[in-house]
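Letters A, B, C, D, E and F mark the chains as written, and numbering starts fresh at 1 in each.
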Amino acid sequence: MIEAHRSSWTDVSDHLATVSSVAILPFGATEAHGPHLPLGTDTMVADEVARRIAEEFDAVLLPPVHYGDTWGTAGYPGTMSLSTETVAAIAVDLGRAASAAGARLFVIVNGDFGNRIPLALATRTLATIEGFTALTIDYPGMDDAIESVRVALPAAPGLNHAEEAETSIILALDPDAVHPDRYRSEYPEFPADFGLRPMQVHRFSASGVFGDPSHATADKGRAILDATVAESVRRLRPLVESLDRS
Amino acid sequence: MIEAHRSSWTDVSDHLATVSSVAILPFGATEAHGPHLPLGTDTMVADEVARRIAEEFDAVLLPPVHYGDTWGTAGYPGTMSLSTETVAAIAVDLGRAASAAGARLFVIVNGDFGNRIPLALATRTLATIEGFTALTIDYPGMDDAIESVRVALPAAPGLNHAEEAETSIILALDPDAVHPDRYRSEYPEFPADFGLRPMQVHRFSASGVFGDPSHATADKGRAILDATVAESVRRLRPLVESLDRS
Amino acid sequence: MIEAHRSSWTDVSDHLATVSSVAILPFGATEAHGPHLPLGTDTMVADEVARRIAEEFDAVLLPPVHYGDTWGTAGYPGTMSLSTETVAAIAVDLGRAASAAGARLFVIVNGDFGNRIPLALATRTLATIEGFTALTIDYPGMDDAIESVRVALPAAPGLNHAEEAETSIILALDPDAVHPDRYRSEYPEFPADFGLRPMQVHRFSASGVFGDPSHATADKGRAILDATVAESVRRLRPLVESLDRS
Amino acid sequence: MIEAHRSSWTDVSDHLATVSSVAILPFGATEAHGPHLPLGTDTMVADEVARRIAEEFDAVLLPPVHYGDTWGTAGYPGTMSLSTETVAAIAVDLGRAASAAGARLFVIVNGDFGNRIPLALATRTLATIEGFTALTIDYPGMDDAIESVRVALPAAPGLNHAEEAETSIILALDPDAVHPDRYRSEYPEFPADFGLRPMQVHRFSASGVFGDPSHATADKGRAILDATVAESVRRLRPLVESLDRS
Amino acid sequence: MIEAHRSSWTDVSDHLATVSSVAILPFGATEAHGPHLPLGTDTMVADEVARRIAEEFDAVLLPPVHYGDTWGTAGYPGTMSLSTETVAAIAVDLGRAASAAGARLFVIVNGDFGNRIPLALATRTLATIEGFTALTIDYPGMDDAIESVRVALPAAPGLNHAEEAETSIILALDPDAVHPDRYRSEYPEFPADFGLRPMQVHRFSASGVFGDPSHATADKGRAILDATVAESVRRLRPLVESLDRS
Amino acid sequence: MIEAHRSSWTDVSDHLATVSSVAILPFGATEAHGPHLPLGTDTMVADEVARRIAEEFDAVLLPPVHYGDTWGTAGYPGTMSLSTETVAAIAVDLGRAASAAGARLFVIVNGDFGNRIPLALATRTLATIEGFTALTIDYPGMDDAIESVRVALPAAPGLNHAEEAETSIILALDPDAVHPDRYRSEYPEFPADFGLRPMQVHRFSASGVFGDPSHATADKGRAILDATVAESVRRLRPLVESLDRS
């Protein structure tokens, strides 16, 4: 694995040409995660998962995109949201550049729910480049891993935001950035049309916590990360191997 | 100074409301800098200068944008360029978010020449927000500092790219990412219309080096950085102080 | 329920003002569904579901949009696809018009998987209109209903396209437009990255059938429609009732 | 003639390849036509004219677009207007899809005055497709036919909106959707710059009627439709025949 | 009348505030008009007509836009065409600026057929400015005036391009820019779909002449101009007078 | 040199094909220059410089663009500003048309500071046309020439707006459009962030004058123009000669 941020262009282009034609981009966010977790939570997770996938496939790891489409939490001051169009444009521009650099597989490790739509649009645009595949990994296996370690219920099914699971992961990655003294449990009352349309969640959650972080541990976080990386690698391996053969 | 990446939304919004309403954004690039310097060179410098300005004013330091408008060096595989529109959109989106978070002064520390046009467009767009000032710092004082330490001539006036000065700065910031064994001196023959229009420089420079890095030292790099930070602070201080009074 | 297509502007605006402030828009597609089903399949289903929801709530039924974002099947000649941007623009324009006409709840009944992204973008844009809610219904309850009547396996989980279920529904709605003599079963071999990125399916399915239509019956179709309408109504009822109270 | 809505993709592509390479698209509107005519008036007329042209040339009839650029009547609640850009985008997308499906002549039967500009823009964009002709038919012959049956004067020359002529046509096509009990005659006083710029007509007409519908009859409507179809066919025939020869 | 080009901003804003709130913009083109007429033909005519209208109403005359949407003649090298979007954007930007300068009536004197669509779009956009009217004058009265002096037939009804009428006008305005020795008569055979869609005319006319210029005289040109100005003034006067009263 | 405005398309295309493949476009502005200078100041200068460059190289002189991106002075009523996007679009459209007409070198003579960004964007877009070079000349040599004749100090370094130098140039070009009786000297107090971001200057200058015009003379104006033209020609000559050789 080589890290593009600290490598020269000659090293990166040589690596893509002779070692592995896979480039991995962590796409994060700078987004409110309650009073106890840092704004960089999503970027930290995406960067870690991307790094470990890159190691597994000896790929080129690109520097993270620190900002995402976090319209849903933009009501909390401190969330730094890009528009849908901006996120899609970043991914398209970087996909094209990765292709020009010699990558044949471009894997975006997505760290935020809000990026799903723009990244889907981007990979569709990038689908027109011949001999190049761009795709997004949305933490496959993470939900199952969370279920197997979780003690507290989530505020809504599939909504893992600033609660036990996310807190556990940051405890594993950057424990000094977590404030256990500020843990609070919040189970908001959701509006009747929750799930039927995009919503800005500050309207019904004062803290931006969706569940109860109090049972979080670094061990749980490591287990969730391990499972997510393992499942990501399992899904990507056939694609990476097909590149090696072609 | 607090770092948004590792702080909670409550800490950032409190800081902007009660300590300092200044937010600093390093805008870098992932761009070819010859075989001996890393792709992240511009981001590293912008991040360092931004961090030191943020310390000086006890401001909020935002996570860096790792990618810029590097069309000019996009001909070297490994350069990861965003379009002009994308860079402008990122800066506009983040400026608006900074304003919503409570910032009244938004300083973009620009690490790459190619970002100048999109960032100028963005600050013009942001000029419509009442009670909010967005501006770009393009390393004031750096050229003079370089002149005072430089031994080798630049390839063209004002063109400090992967030569003695930039190499010195990276030796000061991340020496392990520099490959002195790959130093090469390149003084390209420029086309007749150089300077009259935007150009892609790989057409006349094989390596992406514009000058001679062989006299670079970390001490020179530190001197250049110190002078740049000092001059940046000197120019910004009246603005920051006017915020305190208002 | 009144049908806007055959009602005057005075009738529609009176209805929205005095009877029900709900407007329902069926968003369909003109898209290949194998040799045995009509191109209008998705529009027929969306129109039927929308009509029955409109009846239930005595709402205004808008004329269907016959075209959708069917990039995924655009490789079959006859599919008439709009771009993502066009679909989103239609939904935004019509949402604004519905609001101007007096609607307070705008329900888009989505008939095609490819419309999900543009309709999500559109409802997010429409979320800025005060006192107006725009949302999309994606056939809630349909998957469960299909599972309970299906004999043949689907080609992939959740992929109900021109197989037993869709064929059953069109047998219920417009049997003369179905060609049982052309039924063919196709279980394509999916590429390794199926599900990880948007794909054009003609690359691995010659007919555009994904499963086996041979066990389709109109009764199954009616059961699927009934269940889908019932579940849609169940989810919408709290919203509609909250309008009545406000 | 085959109707795409109820035909399979294989039937449509076969028809375009072996029977006739002409595709016809009715482009309507959902627009206020006074208290006595339905919002779908323009779509009904366009669909009927398109259907009869399609029969004449054994062409493929596409499903109607029910919404148009009706900015001019958007002041009447119930009018569901698309923007100019949206209408143009729909026509461009569908023109490209028709070409991909095998059509060589794409005839848009335009049902609303407001669509003229966007459809002209669209056919200009489509003019770049080799071997493909896209054009718009704006009811040739209709004005003369109206003159020959009309009793009441129009409110302004060439402005046939919800008056004797349009009412007659809907009486011929869908008499149950007409409310003769609500007929009202309105001859607005036009502003001084009427005709010199686009205008929203609700500013000077309370009902959206421009003339006097009271002499309308289904027979007049049929005569107008017959003449319009005949003249449309007369103008298109040379083009259709030139396709047959090439 | 004052000419903005040669007046200061204080003179223009004073004039609009105290003398007349009418601003006139000639919108021309740089477009092929056969071998005997200059590329600036349309601009010359628009500028002259605008100047005389401005004199009549003591208005502010703006400098001409020398370039228009001349896609139709872009096949002749030398035609300098702007896109539809660019022409519309120019007119919108200048309309807004005229309003900000104090104009209440903004009259665009259009010199080219191709500008009609973008100028209609622009005036529609400008219609949202309160207390401001933007409209386009397309040489009212010119066709009748041409009919009354013309000897040679036009190549098609209403198509006055580089033939007797236009040549006469330029003989009146700038005789030295006319080359009578190059007069040629061309009556092209039009394609079957002429008039049904936008077309690039170099496909059927080698010279760009549509008719016969040989009977052109400066006197005829003056008569056409006089009639056009007179009819333009007649149509605008009620509007201008209504400004005076308000 | 031939002037496109008064030449036929055949003359222009012949000239580009056989005499010189250089086309020159003056890009001006209609912008406040104090109470004593005309709004057309920038266009007059650009047109003159362009004309003399065209004469030197026997090039094709295009008609001037009279409007530019003058956002900075848009606060003075009478400034007629285009947006950045519009200016860029004009330059791109005309560059493409010049290339289609046979030009191989397209020189934009820029008359206004505000056009620099959009023209840089445009020339970058035009850089993709093979065998064609588009570039912008920003009055090279003018600053030095001004320094050598100036008596009064400028209000800020490099800011030559409506002061001694510009007034001298217009005295040389169109003395009747200058009002010496209105000369006023204004040395505004600039805000602390002047130079760090784009600004609208009416906020700190009531007149739009930046310096002292009272020592202006036509002779100084001629000297400045001569020097500017000479230096422009000196820089362009190698490019023009390389065209002759290829």
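We adopt the following convention: a residue touches a chain if its C-beta (ideal position, glycine included) is under 8 Å from a C-beta of that chain, and two chains touch if they have at least 3 such contacts.
Computed from a prediction, not measured in an experiment: that's the story for all the values here.
Common neighbours of chain A and chain C: there are none.
When the contact pairs of A-C are matched by residue number across C-D, E-F or B-F, over half of them reappear in B-F. Each chain gets a centre from the mean of its Cα atoms; for chain B and chain C, those two points are 49 Å apart. For the pair chain C and chain F, the distance between C-alpha centroids works out to 57 Å. Chain D and chain E have Cα centroids separated by 31 Å. Residue positions of chain B touching 2 or more other chains: none. Read around the ring of contacts, with chain E first and chain F next, the chains fall in the order E, F, B, A, C, D. Chain contact summary for the complex, chain C toward chain A: residues 71, 84, 117, 120-121, 123-124, 127, 133-137, 192-193, 196-200, 235, 238-239, 242.
Taken together, the chain F residues at the contact with chain E in this complex read 4-13, 16, 30, 32-40, 43, 62-67, 74, 76-83, 85-86, 89-90, 93-94, 97-98, 100-102, 174, 176-177, 179, 182, 208.
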